[in-house]
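Heads up, there are several structures right after this.
Look at the two complexes coming up: subunit A is in both, with subunit B in one and subunit C in the other.
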Partner chain A sequence: MNRSDAPMPPALVSPWQRLRAASNRLTTRSASPVLLAGLAGLVALFLAVPVVYIFLRAVGADAEAWQRLLQVRLWKLLGNTLLLMLAVTGGALVIGASMAWLTERSDLPGRKYFRWMFALPLAIPAYIGGIVHLALLRPRGGMLPRLLENLLGQPVYTPSPLGFWGAAFILILFTFPYVYLLSGAAFRSQHASLEEAARMLGYRPLRTFFSVTLPAMRPGLLAGALLVALDILAEYGTVALLRYETFSSAIFVQLSGRYDRSAAAVLSGVLVGLAVIILWAELHSQGQARFTQMESSWRPAPIVRLGKWRIPALLVAAGVTFTSLLVPVGVLTTWSIQAVLDPETLRSVLHSGSMGFSNFAWNSLWTSFLAALLAITLSVPVALFSVRHPSRVSRLIARVCQVGYAIPGVVIALSLVLLVNRALPFLYATPLIVVIAYVLRHVPQAVRASEAALNQVSATLEEAARVSGRTAVQAFVQVTFPLILPGLLAGGALVFLTSLKELPATLLLRPAGFDTLAVRVWVWANDGFYVQAAPAALLLVLISAVPLSFLLRREQIFK
Partner chain B sequence: MSFYRLTSLLFILVLLLTACTPASPVTPEVPTAAAKLPDSTDVPTDVAATETVDQTISGKLVIYSGRSEPLIQPVIDAFKAEHPEVEVLLKAGSNSEIANALIEEQANTQADLFITTELFTVQSLSQQGIFQPYRPAAADLLPPEFVDPNNNWIGLTLRARVIMYNTDLVAPEDLPTSIFDLTDPKWKGKIAAAGSTNGSMQAQIAAMRQLLGEEETEAWLQGLLDNEVTFFGGHTDVRKAVGAGEFALGLVNHYYYHLQLDEGSKVGVIYPDQGDGQLGLITNATAVAVVKGAQNVPAAQAFVDFLVSEQGQKIFAEQNYEYPLLPGVPLREGVQPLESFRLAEVNIAEAALDSDATFDLMEKLELP
Partner chain C sequence: MIALDVRHLSKRFHSGQYPAVNNVSFSMQQGEILVLVGPSGCGKTTTLRLIAGLERPDSGEIYLDGQVAASREVFLPPEQRGIGMVFQDHALFPHLNVYDNIAFGLRGRPSVEIRQTVHELLDMVGLEPLVKRFPHALSGGERQRVALARALAPHPVLVLMDEPFSSLDTDLRLEMREQVRSLLKAMNASVVFVTHDQEEALYMGDRLAVFQQGQLEQLGTPEQVFQNSATRFVAEFMGNSAFLSGEVIPGGIRTEVGLVSQPVDLPTGSRVELAVRVDDLDFYPDPTGNAVIVERIFRGVQNVYRLRLDSGLTLQAFKEHITMLPVGQRIQAKLNPGHPLNVFLTSH
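After this line comes the complex of A and B, so read on.
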C-alpha cells in the first residue's frame, strides 16, 4: 500500500498508521471475500431454484401419479434411457479415442485436416443431423433405399435410422467430438518415456497400448464420456425424431398430453436425480484429471507408422467424417439451393412464422448473445470466490453452479413455466424467459471457463496491484480482467454456441410469434417439409461454426 | 490473435443482422387484396357482414393454434391483408399442448384466440371457464350442433377420417372398407397413422370409445399395435410416406389425401365404414374460441368473424380441401361431398367429459 507497511520500530508507528494497516489487511483477507461470497452465493441460489422446485413438485406429486408411473412406464423409461446412454457413451468413446489416436499418434495422411473434420460436427445439432440421416435412410421412402431400388430393380434392405439403433448411431456421430477433443489433448500431452519404459520391459506394442497408454488417458476419456452421458440424458430432438422414448421425450409428451403436470414433474425429478449422479461422478473425475508431468524431460510420444494399415485407417477416418460432417452439410446445402431456386418454397421460407426469416435468425442471435453475456457475468464472482478463496463453502457454491448440466431443457422449461407464471407473471411469455432458460442451463460452462482462466493468472499479480495502492475492485479491473478476458470470451463463445442449438426449452417457453432458427427447423421438419427447413438449418450450422472454430483454436491440438 | 478476429466477426454479424431486421413485422405477401384497399382504415369489403367493422382494430393479436402452421397460415395472411394494422402472432403446437398452456396461463392470459383441430378440447376447456362468449353474426347460418350453446366456441370446418392408399401398392380388390380392416394381419407393417399426441387421432379414439365402448376401442388399438402400424407425430409425415410408397395405407384426415395427390403421388382414398351395421364415417370439426382475459378482444372477434365469413371459409375449402361449415361455400373440386356418406354420430359434449379416459387408454396401451 504505502510505506507504513514496511517494518519500522514500533515506537515510530502512529496509531493512525496502525489502524490503516489493520484495515488493509481486513479488506484483503476478509471483507472482499464476504462480498464475493455473497455474490457467488446469490448466483448459486438463482441456479438452484428450478431444480429444487422440480424436486419438491416431484416429491409432492400425489401418490396416484407415482403409482401410475411406477407400474410400467418409469422402469421402461429408465431402461430405455440408460441403455441409450451406455450405447452412445461407449460408441463415442471408441470412435472419439481411436480418431484421436489416429490424428495425434499415427502418420494418418491428412491428419491436420482430419483434426478439424472430427471437431466440427459440434456445430451441427444432433437433431439436424438426425433429420438429414432420416431423410436419407428411412426404410423404403428414404433417398438411399430408393436410389438402390432404382439401380438394382428391386427393394434392398437398408438399416433403419429409427428406434434404438438409429438414435444411438446419430447421437454417437454428433457427440464423439467431445471425446475426440479431450482424448486428443491427452494423447498429445503424453510422455514418450511412459511407453518406452513399457517397451523396454518387453511389452508388445498392443499390450503397451492397452496396459500403459490407455490407462494414462483415463481421466481425459472419463471426462469426455461423462459429458456425453449428460448430453444424452438431456437430448430431446433426436430421440423424438427417431421415435425412441427416453425421459426427456416422455416428459415432453406428458406436457403436451393430459392436463396434469404432476406426472411430468415426477419424471423430471427422476431424470434430474439420474443426471445429478452422473454430474457428481464427472466433478469427481475432474479432481483426478490432474496427472503428474515430468516437465523437465517431457518430449512428445513418437508417431506410430501405420504401414499397410494406412489405407484402411484413412478409409475409416474418411467414413466418420463423411457421415458426421460432409453428408449433413452437403444435404442441407443441396436442399437450401432447391429452396432458393423454387420461388414458392422461397416465399414460404422467407415469410413463414409470424415475422419472417430475418426475424427468427435475429432472435437466435440476440437471445444466445445475451445468454452468453449474462452467464459470463454470473460466472465471474463464483470463479473468483472458488479459485482465490478455496474453502469448503466456495467449493460447495462452485458445485451448485454446475447443476445446470444436470437439468435437461425440458425440465428447465417445465419448472420455469410453473415457477415464473406464479411468481413473476410479467416475465412469463416474454423472450427473456427463454434467455433465462439458456443461462440456467449453460452457466456451468461459463463457470468452468472462468475458473480455468483465473487458475492461469497468478494471485501474486493481484497482490502486487494491491500493494501498489489499488483497491480489490481496481486490481481486478486493471490487472486480472484483461488477463482472463480471452478465457471469459471462450466461455461466452461456448454458451453462445450451446444456446444457439438449444431446442426443447425454446419450444416450450417461446412466446407466440417468437421463433428461433432451431425452432423453425424443428417445426418445418416435424411437418415433413425438409427443403423449407434446410436454409434455417444451414444458417444455424454456419453461425455455430464461428464460435466453435474460435474455441477450437484455443485447444491444444489445434495450436 | 484469433479471438480478436472472432469478436470482430461476431460484431459484424450482429451489426449486419440488426440492419436486416425489419423494424416492423414482415408484411404478408398477399399484395392483391391489400392493394385494393383505398387506405389503411378498416373499410368493410364484400366479406359477409361482421359486427365489428365500424371499430378500428389494431395492436397485437395472439393466436394459439392446435392446427399446424401450414394449414392456418393462409387464412392468417388473408386476414392480415384485410387488417394491416393488426400484428398477428402465432403459436402453433399440438392441441393438448396448447390447451395445457391455456390452463396454465389462466391468471396471466397471453392468448386472444384458440384454434383447435377437434371439438373435445374446446368443450373441455369451455367447461373449465377458459373462454369468453362471442357469437358472430354468421353463427346463425351454421349447423347448430357446431355452435356452442353458450357461444364459448364456434365450429369452422369439418374433416373426415379416411384411409388413403398408394395405388401402386394396393390392388383395387384388396382395398379395405372399414377401419377395422386395418387390424387384418395382411397389412402388417404396411400402415402409417398419427400418434397419441395428435388431436385428430385423440378425437377418433374418443369418438370410438363413445360409439363402441372401451373394450372394442381398446381391441382395435391393440390390433393396430399388433399390426405394427407406424405412428408419426403428424399427418404430413403419414401422407408423404404413403405417397412415397413407404406404406400401403395411411389413416388420415381426408384433406391429406388431396394435398398428397397435389404433389403428383399415386394415391387413392377410401371413406370407410359405409356398410350396413358399420360405424359410419367419423368426422371431426375444427373450432375457434376467444380466450377469457384476452388483451385484444376487438381484433380477436374480428378474426372470428373473418374465419366464419365466406372469404375465410373459402380459404379453408380451397387451400386445405376441408368441408366448410358455412352453407353455400363450394367444396374444392374433387372433394366428395359429405352428404353422400353415412356419418357416425357422436355426442361431443359427452365425449369431452371423458377426455381423461381417452388419455388413460392411450397410456395403458403405450400408444406412441
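After this line comes the complex of A and C, so read on.
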C-alpha cells in the first residue's frame, strides 16, 4: 500500500500552514466564531481587569507599606484567615456529608422534609445568622444567659459567640448546605452495583463505605469544600460582627476607617493570591468530577436501616436544623412582630431619614436583578465559545471568567474605587458601580450555569437547524436559546440570590444615602437596634428563599 | 445527471495524526444510494460533514447538482446547500412536536404547502397518529422515522445519513433498513449513507465506497467490492477474510492446503496472499490431515470451526449444524471456493 503520505513531523509544518489551520478551525461549524471569540475575549478582559489591577497595585506599593505589614500584621492575618478557613471547611464537610448520608442513604424519619431544611439556610446570609446568635448568646445581656440567670438566680457560664470559635460556629452553620447539596447529589448518583461489587469481593458494609462509597464521591466533597473555603476568604460581615480579624475585615478597616489604600492593596494582593490557589484547585477538581455517571442501568443504592440509631440520628439532624434555620427565622419573626406592634419602632423601620422601607427593598431588588441579567448576558458568549469551539484559547477564556470567585467583595470594592476614580469618574457614587461589583463577583456562577445548560444541548441540534436552512444566528435563536433558557434562568437566580446577600462591596461602593436591605440590616444591627433591623432581615431572607427554592426544585429530589 | 461530485477533498484536524480525509474523489448519479463504509475513524463521517458544509475542507472541491458548494474560493454555509441530513442521534428538536420538527425545514413556504408536505411525509413514514407528540414520547424507531421525514420534507437535492440505525436494537435495525431503503428508492432520492457495518453497507448501497485512514480504498457495486476487493484491507474488512500465503505457479497458486487453479496476472514464483472466507474452505476428518480443530462455534444454522494449520495459521470454515466434530480432531483441509479468490502480492 502507498504510505508515502505519512504524517509530516511537526517541525516541517510551516507557520503559515499552522495559521491557516488555525483560521480554518475558527471558521468551521459556525458562521461567526471570530465574532464570538471576540465577544468572549472582551468579557474575560472586563472580568480580569480588576484582579490584575489589584495585583499591580500590591506589587507596586511602596516598600515601606510592605515592610510595615510584613513585620507583624500580615503573618497574624494570614494565620487567622487560614485557621478559620480550615476549621469552617472541616466542620462544613463533616456536617454536610453526614447530613447528606442521613437524608439520601438512611431511613431517617422525615428525610423528605430534612432535605429542604438542610438546603434552606443558604437563604440566610451568615451575618444575619450571626446577628441572631449574637443577640441570643452574648456574654453580657444576651437573651440566653439572662434567661438562665432569671431561672437559676445566679449568673451561669455560657459559651461566647465572639472570637474564633464563635465565627467558626456561625460560618459552619450557614455554609454547610453547599457541602450538603453537592455530596447529596454524589450519594444519589452512585450506582448500587458499586457497593454490591465491593460486598461480593468480601468487604463488610462499614469497610465498603470507607473504601468505596466515600472515595467515589471525593470529587463532590472536594468541590463543596473548596466552595466553602472561597466563601470564607470573602466573608466580611460575620467576622467583623464577631470581632475576629481576617484579611477581608482588615482590608475593610483600612479602606473605610484609616483610608490607607496602599496597605489595603497589599493585603488584597495576598488575599487574592490565596483565593486564586484555591480556585485553581477547584477548577482542577471539576475536571475530574465525573467519577459517577448516570447510566441507563443505574439503580439507586439501597437505604441503610438505622435501627436503634434512629432516635440519636433524628436528634442530631433536628439540632442542626434548629440552630441553622429555625432559630434565625423564629427570632427574626418574633422581633419583626415586636417591631410592627411597637408604633415608635415601626416608625423608624419605615422611615430612616428621607428613605422608606420600600426604598431599601426596591434598591435590593433592582440592583440584584440587573446584576443577574447582565451576568447571564455576559456568560452566554463565553459559554458558547468554550462549549461549542473547544480549544486552548476558549478554555483559557472560560478559566479567566471564573476569577470572580477568587475576588472577595472588599477587594472588588477597592479595585473599583481605584479604577473608576481614574478611568470612569462619572460612574463613581452612582448605584451602577454597585451593580458592576455584583456582576464582576458573580459572573462565574452564570458562566457555569450557561455552560452546563449548553452541554445538555447536543451540537447536532444546531447542525440539524443549519442543514434545514438556518444561519448560525437563526439556529441559536430558534433552537439553542429556547433549550438553554431554563438553565440560563437558573444561573440568573443564583446570581440574584448571591447579589441580594452581598454586604461588603455594597457598603463600600454605595453612594451616600443608597441603602439596600442588607446594608440597613447591617447598620441597624451594628448600632444594637436588633428589633428594628428584624423586618428588613426577615424580608431579605424571604426574598432569597424564592430563587433558592426555584433552584432546588430543578433537582428531581426536591419535588 | 450527477447529483454530487467530490474532487480531491482533504481535511486534517489539529489533533489528528494523519489527515481525516485524504485526497478523496468520487461522484454519484441522481437517485443513487452511495454507502461510505469503513472502521471508526476512517474519515467517512468527516467526508459526510464536509459535504454537508458542517466542516470546511482544507483543499478540494464539492459540486452539488453541478453547482460549486466548496472550493478554494467558495464555501457555501450548510443552510444554503439544500441538503437533508439524518443524524446519528436523530437530533430531533426536543422543544418542537413531530409536526413542527418535520415542518422546520419548510419555513417561508405557503402554509397550505407546508401542511400538505408534512402530512404526505407523515403518511409515508406511517406516523400520522403521532403528529402532536414530542420527541421524548417517541420510541427509537419512531424518532428515526421523524428524523428521516424531516430530512426529506424540503425535497433536498441530496440526503446525508450518518449511521442512522446505530442507536436501534438489532431486530428494529433490520426492519428499518428495509423500510428506509424502499422509501428512498420510491422517492428516487440521492443518498450518501455512512455506516461501519459491512452487512448494512452491502444491503443499503447501490455502490459502496470503502474508506481507510482517510483514503478511498475502493469504489464499486456491493458485488464488486465483496468479490473483487481492490486491496487487502477491503478484502479483510468486507467479509472478514483470513489470509493464506501461497506461491504463483503456472495456472494457479500453490498453498499449504492445496492448489488453486485460477488465472493470475503475476510472474511465476511471486509470493502472494489469498483472501479466504468461511465458505471457501472445506475439510473432512483425517488422522493424517494437515490441520486440527481448535474450536467449534455453534451459530444455529451452521457450525463454524476454527482450524489450526500445521504452519500455525488459523482459518475458519463452516459445516451444517448437524455435523458435530470434536475439538482436537485431526482433519484434512482444502480450498474449495468455486470462484476466483482475491489475490494480493505479499508486501515486504
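FYI, the second predicted complex is superposed on the first by the 516 of 559 C-alpha atoms of A that agree within 3 Å, B and C clash if a C-alpha of one lies under 4 Å from a C-alpha of the other, contacts with A are read in each partner's own complex, and residues count from 1 in each chain.
As a working rule, a contact is a pair of C-beta atoms (placed from the backbone, for glycine too) under 8 Å apart; a residue touches a chain by one contact, two chains touch by 3 or more.
What you are looking at is a predicted structure, and each value in this text was computed from that prediction instead of being measured.
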Based on the superposed arrangement, let me know which partner A:207 touches: subunit B (first), subunit C (second), both, or neither? neither
Identify the partner contact of A:458: answer first if only subunit B is touched, second if only subunit C is, both if each is, neither if none is. second
Look at A:112 in the shared chain and tell me whether it touches subunit B only, subunit C only, both, or neither; answer first, second, both or neither. neither
When the two structures are overlaid on chain A, which partner does A:395 contact: first (subunit B), second (subunit C), both, or neither? neither
Applying the document's definition of touch, where does A:471 land relative to subunit B and subunit C: first, second, both, or neither? second
Using the touch criterion from the header, give the chain among subunit B and subunit C with more contacted residues in subunit A. B
Please work out whether A:284 is in contact with subunit B alone, subunit C alone, both, or neither, and reply first, second, both or neither. neither
The residues of subunit B that touch subunit A in their complex are 2-3, 6-7, 9-10, 13-14, 17-18, 20-22, 25-26, 28-29, 62-64, 68-70, 73, 87-94, 96-97, 99-100, 103-105, 107-108, 110-111, 196-197, 231, 233-234, 236-237, 240-241, 244-247, 356, 359, 363, 366, 368
So in the complex, the part of subunit A that touches subunit C is made up of which residues? 1, 5-7, 20-21, 24-25, 27-29, 31, 458, 460-461, 463-472, 474, 479, 482-483
Counting only contacts in the complex, subunit A reaches subunit B at residues 68, 72-73, 138-141, 146, 240, 243, 245, 253, 255-259, 261, 347, 350-356, 358-359, 361-362, 365-366, 369, 417-418, 421, 425, 428-429, 486, 489-490, 493, 510-514, 523, 526-529, 543, 546-547, 549-550, 553-554
Residue set of subunit C touching subunit A in the complex reads 12, 14, 17-19, 22, 52-56, 58, 77-85, 87-89, 91, 93-95, 104-105, 107, 150, 154, 160, 231-233, 347
